[in-house]
Amino acid sequence: MTVQTSRHNRSLMEGLRSQLDIDRVGDEMYSLIAELYPICRSITGEGVRQTLRRLREDIPLEIREVPSGTRVFDWTVPKEWNIRDAFIKDSTGKRVVDFNASNLHVVSYSTPVRERLTLAELQGHLCSLPDRPDWIPYRTSYYDETWGFCLADAQRRTLEDGEYEVCIDASLEPGFLTYGELLIPGRRTEEVLISTHICHPSLCNDNLSGIAVCTHLAKTLAAASREYSYRFLFIPGTIGSITWLALNEDRLHLIRHGLVAVGLGDRGALTYKKSRRGDAEIDRVISHVLKSSGQPFQVVEFAPYGYDERQYCSPGINLPVGVLSRTPHGKYPEYHTSADGLDFVKQDALADSLLACLSVVDILDRNRIYLNTAPKGEPQLGRRGLYRATGGAADPGSLQMAMLWVLNLSDGRHSLLDIAERANLSFGPVREAAQILAAHDLLADATYGV
Amino acid sequence: MTVQTSRHNRSLMEGLRSQLDIDRVGDEMYSLIAELYPICRSITGEGVRQTLRRLREDIPLEIREVPSGTRVFDWTVPKEWNIRDAFIKDSTGKRVVDFNASNLHVVSYSTPVRERLTLAELQGHLCSLPDRPDWIPYRTSYYDETWGFCLADAQRRTLEDGEYEVCIDASLEPGFLTYGELLIPGRRTEEVLISTHICHPSLCNDNLSGIAVCTHLAKTLAAASREYSYRFLFIPGTIGSITWLALNEDRLHLIRHGLVAVGLGDRGALTYKKSRRGDAEIDRVISHVLKSSGQPFQVVEFAPYGYDERQYCSPGINLPVGVLSRTPHGKYPEYHTSADGLDFVKQDALADSLLACLSVVDILDRNRIYLNTAPKGEPQLGRRGLYRATGGAADPGSLQMAMLWVLNLSDGRHSLLDIAERANLSFGPVREAAQILAAHDLLADATYGV
Amino acid sequence: MTVQTSRHNRSLMEGLRSQLDIDRVGDEMYSLIAELYPICRSITGEGVRQTLRRLREDIPLEIREVPSGTRVFDWTVPKEWNIRDAFIKDSTGKRVVDFNASNLHVVSYSTPVRERLTLAELQGHLCSLPDRPDWIPYRTSYYDETWGFCLADAQRRTLEDGEYEVCIDASLEPGFLTYGELLIPGRRTEEVLISTHICHPSLCNDNLSGIAVCTHLAKTLAAASREYSYRFLFIPGTIGSITWLALNEDRLHLIRHGLVAVGLGDRGALTYKKSRRGDAEIDRVISHVLKSSGQPFQVVEFAPYGYDERQYCSPGINLPVGVLSRTPHGKYPEYHTSADGLDFVKQDALADSLLACLSVVDILDRNRIYLNTAPKGEPQLGRRGLYRATGGAADPGSLQMAMLWVLNLSDGRHSLLDIAERANLSFGPVREAAQILAAHDLLADATYGV
């Protein structure tokens, strides 16, 4: 299923500008997060399906199902996990830990259990954070069949000796791995890949913020004029990207640029982690956007630990895929705990993240390589009305400078982004200068060869 | 017309040293500036011819005339402009603005006019600098046919309501673009291009200082032994370099290095603006000279705004041409105003600029690539009397070090300049070491291949 | 003569670790220095032979003799110099300068002399250090036939007018240049060259420390498992390396890495001087070792002044040979004076230097290029027991990170050293991670092509 592109002749940026009420969109993203928050997601199961069905109300996502047992590269699609209820009851029959209070209480992919244990026996199945005594940690055991509960350390310390009844009413059976995919076609078949993971239960920054930003990015892009085709993936972490890569290996050559968008709702500064290549166009575009933003930011080198970029940037795949986040994963104490809740993400941070993504897409989509058609000496801009008539003043003005730079560097080896970086200008005026010059036939488009 | 080269066997540097009385030359350059100051130059016309005829008293310049209407790349040689008189008279018949007082008063290339206007009508034709109320600005309108006057803002504010008579007794008619050219042949046909513009009226730093330094540089070079041929251009800015390039396109491949020399008389530190290539030999040579000078200096990257380097470094020409100035154009308030007068340029600044140019030419002309003829182990310098006889002391001395560096790096891939930079030595001792080693047959000249 | 390698399957590092009692080895190196200290070495003669014979007690050195007059590149092997006695007697017949008190008193390679002179005549043959009045300088005159004495400036100033008798009972006659060579073969015929000079008389840091460290390095290596073959040279400075290079020119292509090891006993920080190539593997390995040491260190660029690297790095030889020292030659006042005595070198500095050499050899010998055999996506480490079972925690641990880095960069273009540098990890854990992964068939060795 794909979105029909509106073939009006507006540029992407004009399209984006005309429809974005950024405050409203911030609120909408936050509402979506709030709506998805209670659902118990994992790498498979009904929680994922329920989440994707909700996203289909906003964007025409295709929901794909891959059977358990399917070989995907070095991995195998796991059994499907579903959970209905879980609790720990004390000797009085009181639920001291209750899945209905927080789905973080159960270690994700816990095997079904119903038994009675002493506190000492129970302790081996409990996980808490002594230095964050009020927070429930988030833990998983996807590939090691066991069961466990997470709880606040403060509560754990109140547990008294005696017998406890534990119940995890879950199933771990052959089924499917579920993910969402959306292709928004552009004028070109080459693709920009945008990926976010959907496998975390009630955690907001990681990963509901990514889901919300990607959903609204897709919605905005679908309404704009596009050069590239844009492919969105809403996938479970690690096994999801491995599965998608394995099933789509013959089409990976179409991916020109890619982005893992996740952790985009906290108050921290935007952080870009470069692709494994380190000098891919996506790396340079995002660095340019962050530098031009006037806000604090961080650009870090690739490392093989993090989110799905680990798979997209594995040596046999090596796609130009980076990661855009705010505070990087693991660098904030709330990460993977119950403190990453609805209070932790902010409307304006979500809106700022979406705007950054749109700026990135805008440059990716509008970057061009031109050839100066009058390359010997400067062309006479004055007789075309492109140069101030009176000479002598010291400052030529910034659009004028952008025109001179574009003419000087449009030798077929510099893109507009190259020129913007070399001239220390933002992409916007450089693009504007190029459009004016092209309208006067002083530039010929050589983006795809001459 | 070319200068006959004196084929004595003195090196360039020896030739230069023997004849330079630098204080005297500083005075001579200043006198030349003072003599040329009153002439009303523009991009065409009698003022240019008069200037070039004066320079022919010092150097055997060829004066070239290119007819109006000649197509030169994207441009057309304009009509020739000449001016005899101009004034604004108030209602009492008094000349309140008089071309005879300063040729800056008339916007260059003003069309002839003789009419009466109210002050309000006149204001649209006036230009002044409110934040520099005592200075007359310099303005031009080469390609937009109009007329105008420049005056001090303090004076402008005294103009009273009433009728004014304006007169510009000028002609703008088919004629010629005039420029000066001088080729000083060397042992090689490959050329070093040295270009300065001659289109400014009574302004001293921009451009009389460049005219004076280039004239004396040519004079000094003509008397020295040379490898390269040196081509000097005294041209109107922009249209002059475009015209020369268009008429000489088939000979541009001979240009190995080039320099726009302008703005060389103010008290500021020397500034070098690199060629578009950024790593041309001229870029490295001038950086080396400035670094070795022990004085403050600045090296800046190429940008497509400035003087005639804009044309020499246009993408379809792309010659290795940089710019040597003192304070860069537009970075001093006196730029393009009447304050750039005879007080603004200084003898010792002119002399220092000429010396820098001579050092640049000296390295360009004497840079060589050698091959060590005994490259396996060090050659035994001791038995040739090139190594101190007694061993054991810690410091080998700088000429000794230069010899070791030259031997070590003379593998056919390093020029003497490369070696000087790698060894952190000045070019002089490196060249001296090479001459000694070559005299002992320990080096073979591989500059032009082996 | 070569050492038989023990072909047990221990890795080099294990071999080294198991036998090194570093305090004991520091003492042994110091004892060797003390034993060799009194011998009067020069670039030829009995002192060299006596030194090499002593080293043969520790390592199976081959002692080579090259006849005087042999042409070696641009040089000729000089006559052999031997000295039995030397003195200056005053008019009372008292030995005021006595070779038996210090062999530094005689300029090395002094011609035989026995005559009577006035003090004024004698002064021309004396050398002292006015700013270090108590130290005897070390001077040589290998290639200029003359004679001279060195003495403390304080003593020189006490010499009274009168007649002096000077005697240098030396011989300078056709003989041999003597050096020691040891090849410790490894599994590969490619060699690591380790060179130290043996031409200095009673000086400890320069050069007995190098002799001691190289002797113990050879001893340790001989007992370990090795990939490379290791060639040790104990040679007179300059003429020794030139001679060896000239006689072995057809085998130089086997040398993959090389090190001049000298000046390794003073208290200063370790200093590495890069090879002429500047980016050779030896340069990167030693920089990595010094950076990882946690101690102060210095890495300096190649310059053609110093020790035998001048010859190994001459342009027609250009081997990847660097220099490991503590304080560089000439940068400590005791250099080439009697103050470089037994008090100047320290056991712990010698031991630290030896450990650094062993770390260098360890990386050189164990560096590998691997291919990830499951390069599409990450391999599933969990089912191989190589990944913690419970997910969610932020920090993966350093061995885990090393595994991820090795997998990610093992694309056939990155060695383990490249990976360690890129990941900002020490070589050790990276190597350990690679061994674990290789044991699980996740890496294939591609060091020598695939």
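Think of it as A, B and C in the order they're written, each chain with its own count starting at 1.
One rule holds for everything that comes next: a contact is a pair of C-beta atoms (placed from the backbone, for glycine too) under 8 Å apart; a residue touches a chain by one contact, two chains touch by 3 or more.
None of these values were measured; they are calculated from a predicted model.
A.B. asks: Can you name the chains that touch chain A as well as chain B?
C.D. replies: Where chain A and chain B share a partner, that partner set is C.
A.B. asks: Copies chain B, chain C: same or different interface, half of numbers shared as the threshold?
C.D. replies: Homomeric contact, different residues on each side for the most part.
A.B. asks: From the C-alpha centre of chain B to that of chain C, how far is it in Å?
C.D. replies: 55
A.B. asks: Do you know which chain B residues sit against two or more other chains?
C.D. replies: none
A.B. asks: Give every residue of chain A touching chain B within the complex, in rising order.
C.D. replies: For this pair, the touching residues of chain A are 372, 374-380, 382-383, 389-396, 401, 404-405, 407-411, 423.
A.B. asks: Provide the residue numbers of chain A that touch chain C in the complex, in ascending order.
C.D. replies: The touching residues are 72-75, 107, 127, 137-144, 146, 148, 238, 241-242, 245-246, 249, 276, 303-305, 310-311, 313-318, 329-330, 335-336.
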